[in-house]
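Two complexes, one shared chain (subunit A), two partners (subunit B, subunit C).
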Partner chain A sequence: MNPHLIILFVILPMAAGIVSVLLHSFKQAQRVVGLLFLLANAACAAWALATVVTAPDAVSRILTSQMGNWPAPFGITIVVDPLSAIMLTVSSVTCVAVFIYCSTQLPTRFAGGYFYALFHLLMMGVQWAFITGDLFNLFVAFEIMLMASYVLFVVGTTREQVRQAYKYILLNLLGSTLFVTALGWLYGQLGTLNMADMSRMAMMGTLPKSSIPVIALLLVVFGGKTAIFPLWFWLPDAYHTLPAGIVGLFAALLTKVGAYVLIRVFVMIFGPSQEVSQVLVPVLMISAGVTMFLGVLGAVSMHTVRRILSIHIISQVGYMVMGIGMGMTIGAATGSKELAVAGAIFFVIHNMAVKCCLFLCGGLMQTHAGSDDLDRIGGLLKKAPWLATLFMIAAMSLAGLPPLSGFFGKFVLIREAITQERWVVMTFAILTSLFTLLSMLKIWSYGFWSPAPEVSLEKADMRRAISEGLMHERPRIAGGMVAVVLLVGVSLSMGLGAQKYLDISTLAAQSLVNPEPYIEAVLGKERIREIEASRLQASRLTMDTEGVR
Partner chain B sequence: MSTTILRTASRFIVPLGLLFAFFIYFKGHQTPGGGFVGGLVASVSLVVHRMAMGGKSLERMLPIRERTMIAIGLLCAVGTGTAALFFGLPFFTSNHGYLSDAFDNFEWATVMVFDLGVMLVVTGVVVGMIDALSIETEEPDKEGSSR
Partner chain C sequence: MTVLTAILVGLIFACSAYMMLGRELKGVCMGVFLLGHGANLAILASSRSPVGLIPPVLDGSALSRYVDPLPQALILTAIVIGFAVQAFLLTLLVLTWRRQETLELSELAEEQSH
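Up next, the complex of A and B:
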């Protein structure tokens, strides 16, 4: 793959978005064109992953392109390394599934207008975040992603949606303000926002002490986006108001981008710096434990499918943060760090597919029964046996039963927790797994297993759901099933071919825990030396002037 | 809003404003100006036209809808960047040169297409937003709210 072609991951969704705007009045055409673009995008992602994985050595595993031919660290760099390639592949496949679901299940008034354009633009922001090589462009990518999500939040305009969207937008605006403030501050101290360049400074130990609070501020920003404790309060209220297709998209992409950024920024860029790790690792570990445990307790206490799954997103983020924290631990063996990060990566991609799949299942349950309130429905096992089977596979995968994908993610993470003797967080991780199983079984037993309620509220519920814009007037369930089957397929392949996926994740983790090849691929050997010399000179100059004073 | 004075003046202001917008756009490559400012100036003249002559007249004057304008503008911008890929260069690599003496050695650059895209997007966004907001405040039977 010609490395310059990696920009296609931004061009393709953007072009798809533009074409959707041009085809504004032709819904069917928007669906077809959008699906074609998404398939092309997924093919490109698979191609990039194949290129990256089969490359002969660590440096050539990293594809870089300098926008406008301006050299790094001065220009805009985009990079596809193994981590980006994995994230791109899994997210693009998930998006294909969600797109199919949305085009068949979403009510007409959602799907009209600019829904498909926004879908593509959201994806553009997400994919840009995956390939960007500097923090400022990450900010821009976040903004694109968030702006699309703001509109998708209110696209159905029920009263409840607008009320929750107001909170969501306000909090995210606050987050963005903090983000850009932190970036300005960081740029003032380091003179660069290029990821490779910052990582180089962290490796050499030349990060100024005063930059540590700023880096901690970045953790607050990304923590808010990822919804980790104590910054997760916005998520459960906001997500459950949305129809299943959109919330599936958000669950698959938004918080996972946050997790990706946490891995990228804290493991790769600042991980090599001892001072930063010293401050951040305890914070990350405590936050991970509390996030996963409180999240799952919240999920168990809820009684509608979408609410259970929404709060559950938070709990799953805890596992990812746990892996990140263990990947930054000072004094741990490199192999153990790599495995912990690989576990986190595996967990992120597993979660992308499975969580999204469960939301889509929840949506289909509502299509069958008119509601997703567990008190009002039941007997779906007889009514929709296939949906029940697929839901069971996805739910057990989320709970982490072998041989499904969730098991391997948790297995690696818990094993590394034992290696690093982190008993408390390990206990929480196992307890959380049990409660996850409980919350999934709750949906199973109330929704599928129990007999259908005697007084059927189905008709009334269905009317209400349609008027609230949560359901299509004449839903085509087959389309939704295709999406669910696709996602369950991804999850099964991750469970049955776990070794393959873990190998690739480990490859990605290696280039994160030891970012030297990344730095070399982005900055070049010569550039490193040049920058080194100029920095040395600068430091001499400041020493001289200090001497004069 | 529509008075005889404004209506008469707008006949002069609108073409001059549009011309000035293009002047700023061409000037912008090396000196202050460019697609963004040019787009703002162009949209101000279009808005003046709307104030004087009404929304219907603006609709007749514009050959395309605002959202189409935005989409075409974005396509220009993406297209400029993508063109470099066909020459095996990174996205957004630009090229430039000079026209002959007859054109006063005018310096052209591929970035100008990008800038034209910016101009179209800005014009489309501003005119479209003001149009949409004005329709809300105007009487529905006069303008029709089915845009």
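Up next, the complex of A and C:
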């Protein structure tokens, strides 16, 4: 693959968005064109992944392109490294599934007009965030993504949605303002916002001390977007008001982009700096433990499918943060760091597919029973046996039963927690797993297993759901099932082919824990020599001082 | 100069925090807009004090005396994004007003409980 072609990951969704705007009164055409664009996008992502994985050495695994041919730390750089490639591949496949679901299941009120254009623009922001090579472009990508999400939040609204939408929009605006302020300060301190260049400074140990608070501020910003403790409060209220298709899209993309950025910024850019790790690792580990445990407790206490799954997003983010924290630990062996980060990456991609799949299952449950309140439904096992089977696979995968995908992510993370002797977090991780199983069984036993409630509320519930716009008047369940099957397929392939996915994740983790190849690919060989020279000097200095002693 | 900017940024942030804590949506939104301006000013300050420096124009003869132009480019982008966000929020305000006929948060919440 010609490295300059990676700009396609921005151009394709943008073109799809523009075409959808032009076609806004032809719904069928929008669906067909959108699906074609998404398939092309997924093919490109798979191609990029294949190129990256089969490349002969670490430097050629990183595809870079300088926009307008301005040299690296000054111009705009876009990069596809193994991490970006695997995120792009899984997210684009997930998007295909959500798109199929949305175009068959969403009521006209949501899916009419500019819905598909917004879908593509959201994807454009997400993919741009995956390939950008500097923090300011990351900000721009975030804004595009968020702007599309704001509109998706209020399109075809019910009253409850409007109220929650204000909360979501205002909090995110606050986050974005903090982000851009932090970027300004960071630029003032470091003189660059290029990821490779900042990583180089961290490796050489030339980050000024005064930049550490600004870096911690970045953690606050990204922590808010990812919904980690204590910045998660906006998520459970906001997500459950949305119809299943849209919330599936948000669950698959928005918080996962946050997790991706946490990995990229804290493991790759600032991870090599001891001073930063010293400050951040304890914060990350405590936050991880509390996030996963409180999140799952919240999920167990809820009683509608969408609410359980929404709060569950938070709990799962905890595992990712745990991997990130262990990947930054000072003094841990490189192999252990790499495995921890690989576990986090595996967990992110597993979660993208599985979480989204569960939300879509929840939507289909509502289509069958008229409600997703667990007190009002039941007996779906007889009514929709295939849906029940698929839900069970996805739910057990989320809970982490072998041989499904969740097991391998958790296995790697918990193993590394044992290697690094982090007993507290490990205990929380295992407990959280148990509670996850419990919350999934709750949906299973109330929704599918138990007999339908005696007084059938189905007709009334369905009328209400349709009037609130949560359900299509004439839903075509087959389309929704295709989407769910596709996602379960992705999850199964991750479980049964775990070795392959873990190999790729490890490859990605290697170029994050030791970012030298990344720096060389973006900035050129001379900069690497500078790093080596400075390291030599440092070791000579320590040798001198030891000699004096 | 930098001190002056810092004080100004602090003042703007304080005003916007005060407005955002209000109970009326229009005020809250204005507070958010103001916060954006404060942020832009903070970025501008990161190009250091411009006293004694000249604007960056493509001449090349006085490179060492240029003001760092990058923060200005960043601000420009941030302003454009800010415009879009403001336009969207104001539209949402108008829509909320048309539907609920109130922008008081307490009344919006009350309507909810009915």
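As a convention for this text, the second predicted complex is superposed on the first by the 525 of 549 C-alpha atoms of A that agree within 3 Å, B and C clash if a C-alpha of one lies under 4 Å from a C-alpha of the other, contacts with A are read in each partner's own complex, and residues count from 1 in each chain.
One rule holds for everything that comes next: contacts are C-beta pairs under 8 Å (C-beta built on N, C-alpha and C of every residue); 3 or more make two chains touch, one makes a residue touch a chain.
Nothing here was measured: the structure is a model prediction, and the numbers come from that model.
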Return fit or clash for subunit B versus subunit C, each positioned on subunit A through the superposition. fit
Quick check on the superposed pair: does A:71 touch subunit B, subunit C, both, or neither? Answer first, second, both or neither. neither
Give one of first, second, both or neither to describe whether A:150 is in contact with subunit B, with subunit C, with both, or with none. second
After the superposition on A, what does A:177 contact: first (subunit B), second (subunit C), both or neither? second
Please tell me which partner, subunit B or subunit C, touches more residues of subunit A. C
Touching A:208, do we find subunit B (first), subunit C (second), both, or neither? neither
Which of the two partners, first being subunit B and second being subunit C, lies in contact with A:403: first, second, both, or neither? neither
Please indicate which partner A:165 is in contact with in the superposed arrangement: first for subunit B, second for subunit C, both, or neither. second
With the two complexes superposed on chain A, say which partner A:136 touches: subunit B (first), subunit C (second), both, or neither. second
When the two structures are overlaid on chain A, which partner does A:187 contact: first (subunit B), second (subunit C), both, or neither? second
Closest Cα approach, subunit C to subunit B, once both complexes are overlaid on chain A (Å): 9
Show which residues of subunit A both subunit B and subunit C reach, each in its own complex. none
Name, in rising order, each residue of subunit A that touches subunit B in their complex. 2, 4-5, 7, 11, 14-15, 18-19, 21-22, 24, 65-69, 78
Can you list the residues on subunit B that touch subunit A in the complex? 67-68, 70-71, 74-75, 78, 81-82, 85, 88-94
Subunit C-touching residues of subunit A, taken from the complex the two chains share: 136, 139-140, 143, 147, 150-151, 154, 159-160, 162-163, 165-166, 169-170, 173-174, 177-178, 180-181, 183-185, 187-188
Please name which positions on subunit C make contact with subunit A in the complex. 20, 25, 28-29, 32, 35-36, 38-40, 42-48, 70-71, 74, 77-78, 81, 84-85, 88-89, 92, 95-96, 99-100, 108-109, 111-112
